[in-house]
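Down below are the structures I want you to see.
Here chain A shows up in two complexes: once beside chain B, once beside chain C.
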Partner chain A sequence: MIALLLILVPLLSGLATFLMKKEDAARTWSLFAAIVTFVIAILGVAVFNKPEHLAFQTEWMGNLGSSFSIKADAMGMMLSMLTAISFPIIFVATWSTSYKKPNNFFGLMLLSQAGLIGVFLAMDALLFYFFWELALIPVYFLCSQWGGEKRIAVTFKFFVYTFLGSLLMLVGLIYIWSKTGSFDIAGFYASDLSIKEQTWLFWLLFVAFAIKMPIFPFHTWQPDTYEQSPTAVTMVLSAIMVKMGVLGLLRWLLPMLPAGSYIMGDNPSTLAVIGIIYASIIAFKQDDMKRLVAYSSIAHVGLMCLAVFSETKSATQGVMIQMFSHGINILGMWIVVEIIERKFGTRKMSELGGVAQKAPALAIFFFVIALANIALPLTNAFIGEFLMLSGVLNSKVTAFGVVYAVIAALGVILGAVYTLRMARKVFLGKTNELTEKGTDITFHEKAVLAIIVGAILIVGIYPQPFLDMMSGLSDSILKSADVIHLLKK
Partner chain B sequence: MNALLLSAILGVVMMFTGILVKKNATIKTIAIAGMALLFVVNWMELKGTRLFNFDVSGFMSFNSFSLLFIAIALFCTLLFFLVSGGEMQKVGKYYADYFALIFFITCGIILVSSFKSLLILFLGIEIITIPLYILAGSDKKNLKSNEASLKYLLMGSFSTGIMLMGIALIYGSQGTFDVDKMNFVMEGGKTSNLQIAGMMLLLFSMAFKASIAPFHFWTPDVYDGSPTVFTSYMATVVKAAVFIGFIRLFENVFGALSSTWQLWIAVMIVATLFIGNITATFQQSVKRMLAYSSIAQAGFMLFAVYASNEAANEGLLLYAAGYSLATIGVFAVVAKMTDYSFEGFNGLAKHQPLLALTTTICLLSLAGIPLTLGFLGKFYMLKAAVLTGKYLWLVIFAVVMAAISAYYYFRVIQAMYFKDGPDNSFGATALEKYTLVAICAIIIILGLFPGLLLNHLYF
Partner chain C sequence: MLVAISSILVILIVAYAWNRFAKKPDLGEATGFGKVLENKWYVDEFYDAIIVNPLKSLSRVLNDFDTKVIDGAVNGVGRLVKYGGRQFRWLQSGQIGSYILMMVISMLLVFVVQFFLRK
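Our next item is the complex of A and B:
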């Protein structure tokens, strides 16, 4: 029931938002709806040990062999939690940004929330596909309507890319369905596909997920889209939507096509490490803060992809923790970028400087978030990245584990370089004409950033409960994905 | 059977209304009532009530598949009357005759979708196309309309000749027109060349009628030149009917020869999808874009013929319904515009929010976005093709093309919502708006619960 409410509350409140004419009403209502969703998500975590509350199944499209089946397992629950916590934060952080046709804006935001949570909870392949698209369409309209100058062309590229990816995925899913006769995930896990079939199905599905994450060389839509979208939407895209791809790999690709993943696994890993280095170097060259964060996101997601295909327990747990941590961290980054842009009217680092003198509170928050972004110990990202790197290093399914781990670690170092460069250029140094007039952040901005910094430190200092929560699921995913075990059988 | 007789009678009735009734509103009401009546009697037959008891089993067979398709076609025509009936007045002064012609076409559609003898197929196709020649040229003072009509007539009669030739060859080898009595595989698994030649000629002529590449050349000019209201009818209900005839012909009659024609149809699918989508991408006029996109959609419908399995039958019904409804919805709005170019749609969302919203839903359905009937249509087609277990590259090619189709459909959405421009539309009456909303509601409801439609196939 809780799982169903997690989808229904944003869906219905989103539809209701379209009818509101007043800006304040729409804004307050959507914040209220987002908080209700958040409370439901907390309830979901609270009753996590009683899975009967977290699953829901009903008849739907019976003649297609599909049913409306949702369930919050550890990963689904955690990503729903991330979505549920992100939306109130996004709404509060962008509270003072005003939009044309606010009812449509907030309505579409809530619809995309419903779609995202649906993707995280769906346990039926066709339903998964439905939500996958349902999350995309509102975001498309959000970016095209309220984005920057080049928004229409850029968003369109984003749309066509992801649409193509998802259609390829659909072909793959239909093919597997033609062998199993049902879209149920358990049947998909048990499908008896030949190695040849798995090999090419792997690519159909991987391309869809790779575009969403994005993995080099499918990433070209991403920096432009992040830059042109309104910041609230950029936050949704980078903090949450990216995780759709990672979840797709972990829940659908790896257990469904174990042999395909085993044989082809080195290809995505190689692409991922190329992406890590490539994105880090480009991030270093950026002047626009939004683009910098966008490229840094490609590097971080590349590491997650690499870890997924290492198929070790520590890496899998690391990926799950890191999905949450990365969402929180990048949300913090965007909030800071948004505040700076609102205060000074620019995102160019070359035009900024000395902001720390004028806005010390903002600077403190930013430095914590920046340190989390470069995975310093005691921050949340350290836990995830450490687990992932050690998992990659000990991977038994690839012969190049050490090479990958070393290059990926290099990416972490490069991450420190560009993040600290941004910190220095924006916050340190002398003030200039533009930053001279700067003021510190307001109370609600402080509150939002404090929540984020709190989340960073809690997960960073005491990750054990999270690791315990992910442990069982990691084992079961790896068990389904275990090729050696399959061969023995 | 019920609807067949009544549609012919109603066609004659409409011709007389042209003489007896002077007010256009009355004529329109009679036509709408007539079409609603046809829908009802056809539905009665689907549920087992027959009004007339003639024995036609020798040359026609009404099964649940054909009756359900006829129901869809009649319902779409009814919606077309409701949403575009007003526009027809602008075409010319023979208002009642246009309705009469459409009733005759309906009669042909019923023949084509339930033929059992090849002669009935031929008759049906001719009864459909001859009124269409007239409708295409009904804007008599417009040179483009004349051109469309003439082009259609010349090309159409040529392909009719080919079809007759094919039927003649089949008759020559089988000695019967009755498809149930035909037997194509002789002892030893051989087939005669006469039969293969006849089948290929039928394949080409059906491909021509359904505007399948490389027999599609007439389509853009005819669709573009004809009055927009009639294009909308031609491109939807009529095309879907041709496909029903097509699939019946190849699934039931030539099913045994599938190994011969399957590759041909696969090649045609590739050509149709490629030419339709790529050319549609480069169009500057929305009307012409829709003409090419209808070629592309025909490529998807051809998957049903290619697969010829149960999923294909179900899928073709869904596809026909989804495609017809959405295209009628889009064309109804296009007919309301003074400027058919993409720029003409700029800012429509601001001036006509409801029209823009309904167009968007229809376009999303055409592009195959989930939660719409258009998605399910595409889904079933892909499913049917995957179930044949052959030519998987064809399926992958088709989805790449579907992604391209999103490009030109979304260009219209972009123009309406994200760009600014003057109001280029005439606006719509309340009835038209309600009908458009109903079309969108049906698209979404059937997109969520296809069983509401498909269950009638079996119960």
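Our next item is the complex of A and C:
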């Protein structure tokens, strides 16, 4: 029941938001709805040991072999929690930003939340595809209506890009359905496809997930879209939506096509490693803060993809923790960018400087978030990246584990280079004409940043409960993905 | 013994330094080894030359590669579709005669293809 509510509350309240004509009403109502969803997610975590509350199944399209089947396992629960905590934070952090036609804006935001949670909970392939598109379509309208100058061209590219991936995935899912006769995930896991079928199905699904994450060379929609979207939408895209791709790899690709993943696994790993270095180096040159964070995100997600295909327990747990941590950290980054843009009217680092003198509280929060972006010990990203790198190093499914791990670890160093460069250019140094008039952040901005920093430190200092939560699921994913024991027989 | 020697040396150097700099604190232009020390062994310059500057130029190159080659390929696909659409539009001329001609040509093509593909 809780799983169903997690989808229904944002869906229905989103539809209701469209009817509200007053800006304040729409804004307050959507924040209220987001908080209610958050409370439901907390309840979900509280009853996590009683799975019967977290699953829901009903008849949907019986003659197609598809049912409305949702379940919150550890990964689904955690990502729903991330979505549920992100939306109130996003609404509060962008409280002072005004939008034209606010009812449509907030309504579409809540619809995308429903779609995202649906993707994370769906246990039926057709339902998964359905929610996958439900999450995409509101975001298309959000970017194209409220975006920057070049929004139409950029959004069109984003849509065609991701929709192409979705359709490839749909073809793959329908092919497997034609073999098993049902869209149920358990049937898909037991589909027993031949190695040849698995190999090309692997590419159909991988390309869809790679575009969403994004993995080099399918990433070019991302910096443009992040740059042109309103920041609230960029937050949704980067903090939550990219996790759809990683979840797709872990829940759908790896256990469903174990032989395909084993045979082809080195290809995505190589692309991911190239992407880590490539994106980190490009991030170094960016002047627009949004583009810098966008490239930094490509590097971080590349490491997650690499870890997924290393098929070790520590890497899998690391990916799950890192999905949550990356969401929190990048959300913090965007909030800082949003505040700076609202204060000074620019995101260009060359035009900023010395902000720390005028806004010390903002600077303190930013530096904690920046250190988490680099993955320093005591921050949440360190736990995830350490587990992932050690998993990649000990991987048994690839011969290049050590090479991958060494190159990926270079990405951490480059991460420090570009993040600290941004910190120096924006916050340190002398103030200029523009930043001289700056003021410090307000109470509600402090409050949301404090929540982010709190989450960074809690997961960074005591990650054990989260690791325990993910342990069982990691085992079962790796068990279904394991082909080495089959080869040994 | 060692302790004594080093202590004496330290005291001597302190005395020399006091003597030399307490009276005349302004230093002249450093020369020779002093200049190397003044520039911190040129460590910063060394790092600039072998790491920072290459990284900067690599970053520029890759950024151009990303926007021109990779993104260019993506946008190129879009442009190709647009261009193709513009060209194929002429086929829809509204003249029944040309439609029938195309039908005949396609039927012939199907026959030819079928002829060659027959097992």
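Miscellaneous remarks
Throughout what follows, the second predicted complex is superposed on the first by the 485 of 489 C-alpha atoms of A that agree within 3 Å, B and C clash if a C-alpha of one lies under 4 Å from a C-alpha of the other, contacts with A are read in each partner's own complex, and residues count from 1 in each chain.
Here is the rule we use: contacts are C-beta pairs under 8 Å (C-beta built on N, C-alpha and C of every residue); 3 or more make two chains touch, one makes a residue touch a chain.
Keep in mind the model is a prediction, meaning the values are calculated, not measured.
Once chain A of one complex is fitted onto chain A of the other, the partner contacts of A:Phe141 are limited to chain B, with no touch recorded for chain C. Of the two partner chains placed around the shared chain by superposition, chain B and chain C are both touched by A:Val160. Residue contacts after overlaying the shared chain place A:Leu170 against chain B, while chain C stays out of touching range. In the superposed model, A:Pro217 makes contact with chain C only, not with chain B.
Within the superposed three-chain model, A:Ile152 lies in touch with chain B and out of touch with chain C [touch as defined at top]. In the superposition on chain A, A:Phe386 contacts neither chain B nor chain C. Once the two complexes are laid over each other on the shared chain, residue contacts for A:Tyr129 go to chain B alone; chain C is not touched. After overlaying the two complexes on the shared chain, residue contacts for A:Trp203 are found with neither chain B nor chain C. Overlaid on A, the two complexes show chain B and chain C touching the same residues of chain A, namely 160. Taken in their complex, chain A has these residues touching chain B: 61-64, 129-130, 133-134, 137, 141, 144-145, 151-152, 156, 159-160, 163-164, 167-168, 170-171, 174-175, 177-178, 204.
Within the complex, the chain C residues that touch chain A are 55-56, 58-60, 62-63, 66, 70-71, 74-75, 78.
Every residue of chain B that touches chain A in the complex is listed here, in rising order: 314, 364, 369-371, 379, 382-383, 386-387, 389, 392, 395-396, 399-400, 402-403, 406-407, 410, 414, 417-419, 449-451, 454-455. Against chain C, the residues of chain A that register as touching in their complex are 157, 160-161, 217, 220-221, 224, 278, 281-282, 284-286, 417.
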